[in-house]
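Both complexes below contain chain A, partnered by chain B and then by chain C.
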Partner chain A sequence: MLNINCPYCGDRSQKEFAYGGDATVKRPELNKEVSDEKWNEFIYLRKSPRGKHIELWHHIAGCRQWFKVQRDTVTHEIFKTAKMNEEIK
Partner chain B sequence: MQKYSIFSLIKNAFSNHEKWDLAWKDPSPKKEYDVVIIGGGGHGLATAYYLAKEHKITNVAIIEKGWIGGGNIGRNTTIIRSNFMYDDNARFNEFGMNLWRNMSQELNFNVMFSPRGIINLAHSDAQMNAYARRGNSMRLNGIDAVLLNREEIKKIIPMADFSEDVRYPIFGGLAQPSAGTARHDAVAWGYARQADSMGVDIIQNCEVTGFDVSGGKIQGVRTSRGDIKTKKIGLCVAGSTNVLAEKLNITLPIETHLLQACVSEPVKPVLDGVVTFGAGHFYISQSDKGEMVMGGDLDGYNSYAQKGNLPTIQHVLTGGIALFPFLSRLKMLRTWGGIMDMSMDGSPIIDKTHIDGLYLNCGWCYGGFKSVPSSGWTFAHTIAQDRVHELNEGFSLNRFAKGYLLDEKGLGTKTWIS
Partner chain C sequence: MSQSYRLKNEGLINRNKEIIFKFNGKKYKGYEGDTLASALLANGVHLVGRSFKYHRPRGFFGAGVDEPNAKLQIQLNGHSEPNVNATEFELVEGVEASSQNCWPSVEFDIGAVNNFLNRFFPAGFYYKTFMWPKSFWYKIYEPFIRKAAGLGIASVEKDKERYEHKYEYCDLLVTGSGPAGLSSAYSAAKNGAKVILAEDKPRFGGSLLTDDVTIDNLSGKDWADKIITELKEMPNVIVKNRSQVFGYYDHNMMVMFERTGDHLNDKPKYTPRQRLWYVRAKEVLLSTGSIERPIVFGNNDTPGVFLSAAAKEYIKVYGVLVGKKPLIFTNNDSAYETALEFKKQGIEPIILDTREEQSSELINSAKNQNIQIKFCHAVIAANGYKKVRSAQIGKLNKEKTGFENIQTIECDCICVSGFWTPTVHLASQSGNKLKFNDDIDAFIPDKSKQNEKSVGASNGTFTLKKTLEDGFKTGFEVSKNITNNNISTSTPNSNETKKSVHDKFWCSPLPNGKNYKRFVDFQNDVAVSDIEVALREGYRSIEHVKRYTTLGMATDQGRTSNLNGLQLVANVEKKIVPQVGHTTFRPPFTPITIGTIVGREIDMEYMPTRKTPMHTWHEKNNAVFVDAGAWKRPRYYKQGNESLFEASKREAKNVRDHVGICDVTTLGKIDIKGPDSAEFLNRVYTNAWLKLPIGKARYGVMLREDGIVMDDGTTTRISENHYHMTTTTAQAANVLSHLEYYLQIVWPELNVNVISTTEQWAGAALAGPKSRDVLAKLFPNLDVTNESLPFMGYMEGDLFGVKARIFRISFSGELAYEINVESDYGLYMWEKMIEIGKEFNIQPYGTEALSTLRIEMGHVAGPELDGRTIPYDVSLEGLLSKKKDFIGKRSLQKEAFNKNDRQKIVGLVPTDKKSSIPEGSHLVLDKNAKLPNPKLGHVSSSCWSVENNNPFSLAIVKDGKNMIGKKLFAVSPLKNTAIEVEIISSHYVDHEGKRVRS
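This part shows the complex of A and B:
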């Protein structure tokens, strides 16, 4: 069982959250011409690192906020959580 | 190679079974090979076997970080089926069904292929319509599909919950009677033994540390047991695909996720085929030993841990008990996990890459076991001829950029919910 520290509500069980995937993927800029290659990168290509991974989680059975989590994909240890407008270095 | 038969069994009985040949050798890596297959799982072993058998390329090494049969080939729930709607998936896997049917004879190894059938249950009218459509597509591709109503299902699995007041009553289902199961370890061992007998080197405990690429061409592979020169590399590493792709500076439409499965204590025969629950993600079959073999959802977040968490097991078995209430009184014998190369459309990739001599076999999601023979056969063709076969041309790497997705379940790119 993961325990995730929601930046708004504090430490809660994994069962309250939904996963949202890689948080480092950036959408191509709005209202600009986007090449097929850039769309492909944004929509489909993922690094999926073995080790530290910054990802999105949704506190769906709680405050319903999205936030970022830095987690180890081998040990499942959670290092940091942050609000969407905060950076995880 | 010693042929396995009733006569060799009797003969070896006189020497107390102490004089059997090793099933495969344990060689040290040579300096150079024509083809190096990375990953000694089902797909890698089958690829090497078909390279030697169909294309007469025998100067081949299989490099395996752990041991033969220790990865997903020994961790799956052994289901074999070809009940796909899309042509590319259906033809590819139906080709594989024919290889499964002859596998024990061809490999001289009893893989215990048992075509006991699969039933996908439906729990609404809409689901019945969707299954009728899929069944029709399957039949157009020559695959046996039978749409069953509630009463027909009841005759096959009377122990399921057929009461009227359940949350998800059984409306009917889609059956593929020719689907089945096989003994997964035997598949790995059978392919390994035959490949080895034709001259393939199976090198275990040998981790890939890097690649030698120059001028856009593969020159060799660096391993924990020394550098190996080769012009062709086939990557069959399932859940480690992203890790090796990073060493090659390639980013793939794949995420690595964790899937668990479990078996109960053995009980008397109660279920003769494979059954999937249509209102949740749960599938079940009974092994020849009597254990109920069960699986379902991914753990739901990127992971390389080959072990899972209990909330997922609880969630999967909640669906299981809704379908088969008797499961609640069984004890679990064991649970385990494996790491899956989840592609962005749920279908695999068997293709060449922009690096000359690098061939990719990945994206099996959690359906790789059934495709072991067809994947090995087509991947061997792709490597030997340096071009894809018509059976795997739909599994191209650039289908994502081009928009030719094979999204069988219509789930989109959220790999963790598939």
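This part shows the complex of A and C:
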């Protein structure tokens, strides 16, 4: 069970969180033309990297904030967590 | 039987407390502080079971977690538990133990013919023998394997014991209380760290309990007692015995199994039997010690063959002799300690040492005591069937590949030592790739992947002096990094006998013409010859050899067999052990009970129960409840002998004819506030939301980004920037997360806040032609006429002193209202409504009638919004705005979503107007067509239409819009039905929706 450092609440057990997928995916803007290909990519295509991955987690049993986690998909090591408006490089 | 193998003065057992117990039906005596194993050995009982495959007689081999043989069925306090390790089970009054892998008895076992047929039981035996014919599996092979190879018998009774879970956090978790664990825990604790020290056994001290050493001029045991006493008094330390850390999970989540009640003769009622600890430790120190490994020789599984350290532990801890004519067989010095302990008790051991004649402190002291030592000697085979009677021994040739002269010597036990294997299971579980250490012929931890360190024997350190130094130093350093304190504790003086190096002898060769079985893995009955077969058949990877032979796959995880197995593979393959590699260790380190994993999460505590404020009223009025997620909802209110079908029909009919009341508290409710709320709703819902007036509700549909319908519900504008959203009961949590996702991530510029208010409001739906009459009496000061409170209108009112929200919305297709009050007043509201509604024939209705009413109306719900339907499929395409963008809109352009023959919702009536159509039935053209019969659609919801008095169903069917009027068959192979149905509109009642607006 992972130990996740919520940027709002601090260290909490994985039990309190829900996973939200790749955090680098950006939704195409509203009311703009989007090609089939771009939309398809947004809806269905995700990278599944071995190693570092920036992903979303939601503190559902806590502050209910979504935030970013940089995690190694092999070792589960968490390098960094950040609020949505903060950068993870 | 008297305890004829019990020593007079030795041991840590409590001789003042005698305990009577039974084994295989016979009564024995032992003492408090005994294990089942030590008590049986005190009585001279060695034969405890039969082996897994060959049904050979087996006895005790180890003295703790190392035991591969003595797995017993235990009866205690009316419950029965299989596969209990007799070397770990603490003796309690009244326990009845029995051997489990034998039939009809351990003394005479029919399966033992397997032993004589053993050439039919080679490696891969199960794969080869039980291959075909397939039909033989269930009736012949499986029962045979189960009967012949069955371990214990699992109880089918409900487990009445109590189990608990506990969560704990600490700076440092220390696993094992030998010298390494004690010293590191002590120095870390002294430096202010929050420490948990966990010891698997009942007694603290590990090897200090049996080794002839001194620390700080105290005996090992006295020093351990002193340190434990001090640790227990420190507020920053938790000291736990009978606690096995068995799992190392991500981010230093350690899971520990504590035996809290098993050892108590009179367990208090609320003391749990066992407890599972989840410990999140900043650092973990693995001081798990080492396990002696055997030397492999012929018939080495005969009862009476022991690990030499186990024999020593039986003497020192339990005051029990495992034999009175011991033969010690070793390739190193440590077995000399066992010999010396025997000698102290007036027993004359003989030592066979595989090494050349040499001297060391220990060897010399054995020589000085006139113990007979035969260097360059090995045991070839044990003689005796149910007990060692003698041993065939021989002088090894120079290359140690054969014997020069062979003789038989009498003995009643063989204590074997093939050096030590560090217990690296937890380190391996943590992700630490192990490395091979040539000096000790074993794997030790390499680089840490998590915050863990191994200290002492588990790290390959086999001297006390170095172990203590490392322990004190590591405890200090680790704690310093956490606490920033700088209080170091100096390492005490210690004394131990020096040992010379071991040799690498691990398996006695077979003399010419002899074909003794030489076991590597006792628990899974894997012999040298089995592994050789696997290699001959081409298995190379150690992982494959393991699975094919089952080497190391038993519950003892190969604690005494792994390295010898690897050594054998290496020899045959002409490799060295590190080239062969090792298999991965996985939790749990020792078997744990299912009860512990479950803990208190059973029955009522399986998950939280959500009850509405009106729950007690429902109970009093014979409600039969149904689970809706964690909620309990009335399914129907039973009158007399009514069936579900009769009751729901009555309740639904009463709504259509008069007025009904339904508890709708469970609907998800979300409060939405902020100046951009309207804009936000406009993006979330498919229809237009910018112009909803204050005091009006609107029905809305939300999609996922992929165009699939996510949920539906009504949202009401309470004031300028304040909305009240409802969701379905099932999707309440998902919808809230969905809204938060868009507000926090996609459109953070929108000034909107959302919060769940599901628990804050109690809700009651009032439905039926008479509902307005009831409403008018409930709110005499309000104008509730159709003009003042039209369909989709909203009002606030005073319900006999309680503030209430009134929504004119309908889920039943009738004139209907939903009234919300703060939860605390829910029951008050409900009782008022029932009281006032009496004269209008009000009746409560449950979820079954609720479904009937919505199905008749063609109103979609969960079964239609099943994660596969787009708005068109469920006839919600009219709610798709063309003027604005919304979540999921772009996906609706997908080609597949716009095909002409796209699936669509329809209504179904059986042509005989009688047969109920099972939900889930498939719609097909020809009920007799060859399989697979092409499926045109499926039945999503079924009811008995109270309006038309015949069955009616909703279905989603291919090209639904052109199917009206056609006939199909609804087939359900599960229920063995094939019903002819006519396809009609999904709106079976009140097509134009007049009633809701009346």
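One rule holds for everything that comes next: the second predicted complex is superposed on the first by the 89 of 89 C-alpha atoms of A that agree within 3 Å, B and C clash if a C-alpha of one lies under 4 Å from a C-alpha of the other, contacts with A are read in each partner's own complex, and residues count from 1 in each chain.
Keep this in mind: a residue touches a chain if its C-beta (ideal position, glycine included) is under 8 Å from a C-beta of that chain, and two chains touch if they have at least 3 such contacts.
Because the structure is a prediction, the values reported are computed rather than measured.
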item	value
Touched partner set for A:1, first chain B, second chain C, both or neither	both
Which of chain B and chain C A:9 touches, first, second, both or neither	neither
Chain B versus chain C as contact partner of A:61, first or second or both or neither	neither
Partner chain in contact with A:76 - chain B first, chain C second, else both or neither	both
Partner chain in contact with A:84 - chain B first, chain C second, else both or neither	second
First, second, both or neither for A:49, with chain B first and chain C second	first
On chain A, positions contacted by chain B and by chain C	1-2, 36, 39, 43-44, 75-76
Chain C - residues contacting chain A, complex	249-253, 278, 280, 431, 449, 683, 705-706, 733, 736-737, 740-741, 744-746, 748, 884-885, 890-891, 893
List of chain A residues in touch with chain B within their complex	1-2, 14-15, 19, 21-22, 36-37, 39-41, 43-50, 53, 55, 71, 73-76
Chain C contact footprint on chain A (complex, rising order)	1-3, 13, 18, 20, 27-28, 30-31, 34, 36, 39, 42-44, 56, 58, 60, 64-66, 75-76, 78, 84-85
Residues of chain B defined as touching chain A within the complex	242-243, 246, 251-256, 300-305, 309-311, 344, 400-401, 413-414, 416
